[in-house]
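Two complexes come next, and they have one chain in common, chain A, joined by chain B in the first and chain C in the second.
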Partner chain A sequence: MHMNEIIQTLMPWLILAAGILVTLLVSVIRVESKRPAQFSALLTLVLTGVSALQTVSLPGEAIFSGSIEISSLTRILLALFSLIGVLFVVGADRYLSKEKIHLSDYYHLLLIMILGAGIMVAAKDLVVLFIALEVMSLPAYTLAGFRRNDSRSNEAAIKYFVLGGAVGAVFLLGSAFLFGATGSTQFPAIYSWSRQSVTGSNLLFAAGHFLVIVAFLFKVAAAPFHFWKPDVYEGAPTPVTGLMSTLVAVASFVTLVRLIHLPALDSTGWEVYAASIKTTIRVLAVASLVVGSLVIITQKNLKRLFAYSSISQSGYLMLGVLASLQPGHGIAPVLIYLFGYVFAAVGLFVLLSQSEPRGDTGVELVDLTGLVRRSPLRTALWSVLLFSMAGMPFTVGFFTKYFIFISSVGSGETPLVVLAAMCAVVSAYAYLRPIGLMVMRDADPGAAQWGGGFWSQLVVVVSVILVVFLGLMPNAMIQYLKGIPLIH
Partner chain B sequence: MDFPLLAFSVFSTIAILGSLLVIFKKNPVSSAFALVLVFFAFAGLYALLGAHLVAALQILVYAGAIMVLFVFVIMLLNQDEPVHDLEATGVIYRVVSALTVTALGAILVRAVLASKSMTPSGALTDEKIASLGGNMKAISEQLFTDRVFHFELTSFLLLGAIVATVTLAKRKSRGEEGEV
Partner chain C sequence: MTAFEPWMLLVVSILVFCIGLLGLILRKNLLVMLMSIELMLNAVNLCFVTFSKMHQLLDGHLTVLFVMTVAAAESAVGLGLVIAMFRNLRSVDSDQIQLLRD
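Moving on, here comes the complex of A and B:
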């Protein structure tokens, strides 16, 4: 392909990459001020997002000898990542100053993380996928330890880093096995190998495939690979927890789905293997749903609560993955769920970062008591977002769960759907209890003060508007995302 | 016993024993030197597979550069505190992890054994590499044609690593307070 065409296809990614360099350079103009880096990061993200959206309907194209494929899916995801980035640049401003960790580095690391995530979802080669995974993860580990004076933030960073390193090793071992079995690291070659393979699946391929999948199960924290998540969520600075819960989670989950679809599971000779993959996903779904929904109701710390929430989200998403394995079903329910979750989660984590610092203890449920008298608007925002997490009607959370459930029933997984619905009811208690505390109880004497500042409040309002708007009129988003094919 | 098999056995034994030493030596410097042994044994294995460039790079980069870094870090962080003992973890944990690791190891070994009947596949066969003019030429050509994207992406990985390191290691700026 001609160089001009490559540049044109890659434009949003190139803007982001150039923006990273510019942001690094402008932050040395005045070392004391964080504004140049902040402004440059914001501009980069807006340009990236706009450029990705502008070209979103162009047909998919594999470039660099099939190393990456730029398609509608990857463009819309890059646009989503840019939006998340913008919201966490604007929304974190006050938190960072309040915690006295307002450094330009936050913006550099955030941008590099988004570049990694944006390339990871486009990668069509296991090696590119691995490098992109590390480009995304390294800044994430660092940001988790961004409160350098806080021992729990350090603990979170070390835990995340050591586990992430192990995950990387598992992924590489799996890639080596896949390469050994199929003779290629590229997705299309592996796919066509599975179509032509006379013997069907073999043990070397199966071991490699399971290893690369397990690596990403750790990243999305599907039970029983979830033990790191509550500690890391709790220790990391709140906006970073938000980034992990949205940006990293979406990128990892989309990659996980693509890795599960790596071989052609409907080819002859693969029946047993396809069945074992499905059983594995069923077990993961049940484990994540049960662990997430039961443990969440015992949590007092809000960040740990959202950690268990995201574990149960992995469970619902596994239902969507299971449905996507059925011939003729796409990954639309998964994408819709991820988008809906992100819009609510961004607002929730920015809201969470608005409490005044309380030293070593994080934000607890008790800090929310009597909030309606102290700050009615904030109570309303909390309530809408929590309603969405609980899957109440008129919020986007309702439709996303609904789509996962009907696609699952359509693929014959009714018992799982019944279990998932029961788990949704149980965990609704955990989401509605904070609202009860805000409205019904008087403020506890030890409750934290809340104060957000205009910009972070604006981010929450944007998130609430998205949640409500898409809750009332979900059709546009659903129709759009339904038309997006998965790239192999 | 023919030479490749003999060499393979020797190098593998060194690699496995070295790895065990890395884990079980209590003194970090001893562990680091056991690791050098592992690196050399691996270089030998790569050379046996015909990957001479990788073998040379393994010695240069790992046994040379990365090892120096390890020793530096040990020197800088050298503390007189007693080394944390494996004994400190609970018995149940140790039994469960030993069992899990053994089971996983068994599965992986079986997977590798299952590949015995398979013929090596892939674009770069021995003949192809020879016709391209050796390992070095084949790798260089790949790196700047088919794999140029990997190459460029790696530079962003390094950039990210630099920014991350500086963020964690630099002195307090005016925006920050308190002692580490």
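Moving on, here comes the complex of A and C:
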């Protein structure tokens, strides 16, 4: 392929990479002011998002001898990542000043995370995937420890780092095994190897595939690989927790689905292997749903509550993964669910970051008591977003859950769907209780003050508008994302 | 000179990987845990080179270079985090970090 065409195809990614350098440079030149870095990060993200959206309908193209494939899926995801980035740049401004950690580094680290995530979803080679994973994770560790004088933030960063390092090594060992079994690290080569091997999977291949999948199960925190998540969520600065819960989660989950589809599971000789993969995913779905929905009820700290919420989201998403394993089904249910979740989660985490600091403890349920009298608008915003998390009608959360249930019933997983619906009902209690505390209870004397500032409130309003708009008119999003072709 | 059989190298690399993993789980000193992660990555490097030799390909050798780069970046970040923790807690013992729990 001609050099110009490669540059053209990669344009959104190149803009982002150039923007990182500019932001870094600007933050070194003007140390005393954060505005230039902030502005440069915003500009970069907007340009990246726009240029990704402009080219979204172009056909997919493999570049760099097949190591990276730029397709509609990767472009739309990069646009989503840019949107998340914009919202967390604008929404975190006040939180960072309030916590006295307003450094320019936040902005370029955030951009690097987005670049890593953007390459990760486009990678067609296990080694490129590993490098992208680390490019996304290393700034995430740093950002998790961004409140560097707070030992809780230190602890979260260390826990995240140690786990992430181990996950990276396990993923790499899996890649080495896959390389040994198939003679290549590229997805298409592994796929065609599995088509040709009539004997079915061999042990080395199965071990490698198992390890790469386990690595990403840790990343998306599907139970029983979830234990690290509540601690890291609680200790990290709130906007960074939001980034982990949206940006990292989406990129990791899409990559997980692509890794599950790595071999041609429908070719002859692979029936037993495909069946065992399905059983494993069923077990993971049940475990994540049950753990997430039951433990969430007992949580008092709001960040831990959202950590368990995201564990149960992994459970629902596993249903979508099961549906995608059925021949003829795409990953549309998974994508739609992820989009719906992201729009609500961004608003929730920005809202959460609006509480005034209370020293050592995080934001507890008690801080929400009597909020309706102190701040009616904020109560309304909280309620809409929590309704969406609980899957109430007229919010996007309802339709994304509904869509994932329908597609699972279609693929013959009715018992699982019944269980998932029961879990949704149980966990609805955990989402509705905060609303009850805000509306029915008087303010507790120890309750925290809330104050957001215009920009962070604007981000929440945008998120609420998206949640309600897509909740009332989900068809546009569903039709659009359904049109996105399957991974191979 | 007698050449190593590929399976011997594989056994060694998996053993080293397991030592790293066990070190990560059992040891309490954060610096030792960092070293354990490095050990795991280097075990994988050996694995890649072995498979590369088996398949008569150069891909594995190239991968090793990338992995070493990433490992260096990772330990830089890790050391930074450990130093930040040491400043606050005066300890690099993972038993000391138990502020976050249910």
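Note that in this section the second predicted complex is superposed on the first by the 488 of 488 C-alpha atoms of A that agree within 3 Å, B and C clash if a C-alpha of one lies under 4 Å from a C-alpha of the other, contacts with A are read in each partner's own complex, and residues count from 1 in each chain.
Keep this in mind: contacts are C-beta pairs under 8 Å (C-beta built on N, C-alpha and C of every residue); 3 or more make two chains touch, one makes a residue touch a chain.
In this text, all values refer to a predicted model and were calculated from it rather than measured experimentally.
J.: Considering only the touch criterion stated at the top, classify A:I112 as touching first (chain B), second (chain C), both, or neither.
T.: A:I112 contacts chain B only, not chain C.
J.: First (chain B), second (chain C), both or neither: which does A:H102 touch?
T.: first
J.: Which partner does A:T55 contact after superposing on A: first (chain B), second (chain C), both, neither?
T.: Neither: A:T55 stays clear of chain B and chain C.
J.: After superposing on the shared chain, does chain C or chain B touch more chain A residues?
T.: B
J.: According to the stated criteria, A:Q326 is in contact with first (chain B), second (chain C), both, or neither; which is it?
T.: Touch partners of A:Q326: none, neither chain B nor chain C.
J.: Counting only touches as set out at the top, which of chain B and chain C does A:S184 meet: first, second, both, neither?
T.: both
J.: Which holds for A:S192: it touches chain B only (first), chain C only (second), both, or neither?
T.: neither
J.: With both complexes overlaid on chain A, does A:E234 touch chain B (first), chain C (second), both or neither?
T.: second
J.: Looking at A:L203, would you say it contacts chain B, chain C, both, or neither? Reply first, second, both or neither.
T.: A:L203 contacts chain B only, not chain C.
J.: Return first, second, both or neither, reflecting whether A:Q8 touches chain B, chain C, both chains, or no partner chain.
T.: Neither partner.
J.: Output the chain A positions appearing in both contact lists, the one against chain B and the one against chain C.
T.: 127, 131, 134, 138, 141-142, 145, 148-149, 173, 177, 179-180, 183-184
J.: In the complex of these two chains, what residues of chain A are touching chain C?
T.: Those in contact with chain C are residues 127, 130-131, 134, 138, 141-142, 145, 148-152, 154-159, 161-162, 165-166, 168-170, 172-173, 176-177, 179-180, 183-185, 230-231, 234-235, 304.
J.: For chain C, which residues count as touching chain A in their complex?
T.: By the definition above, chain C touches chain A via 17, 20-21, 24, 30, 33-34, 37, 40-41, 43-44, 47-48, 50-52, 54-55, 57, 59-60, 63, 66-67, 70, 73-74, 77-78, 80-82, 84-85, 87-89, 94, 97-102.
J.: Enumerate the contact residues on chain B facing chain A in the complex.
T.: 107-108, 110-112, 114-115, 118, 120-123, 145-150, 153-154, 156-157, 159-161, 163-164, 166-168, 173-180
J.: Which of the residues in chain A end up touching chain B in this complex?
T.: 17, 20, 24, 31-32, 34, 63-65, 67-68, 97, 100-103, 105, 108-109, 112, 115-116, 119, 125, 127-128, 131-132, 134-135, 138-139, 141-142, 145-146, 148-149, 173, 177, 179-184, 202-204, 206-208
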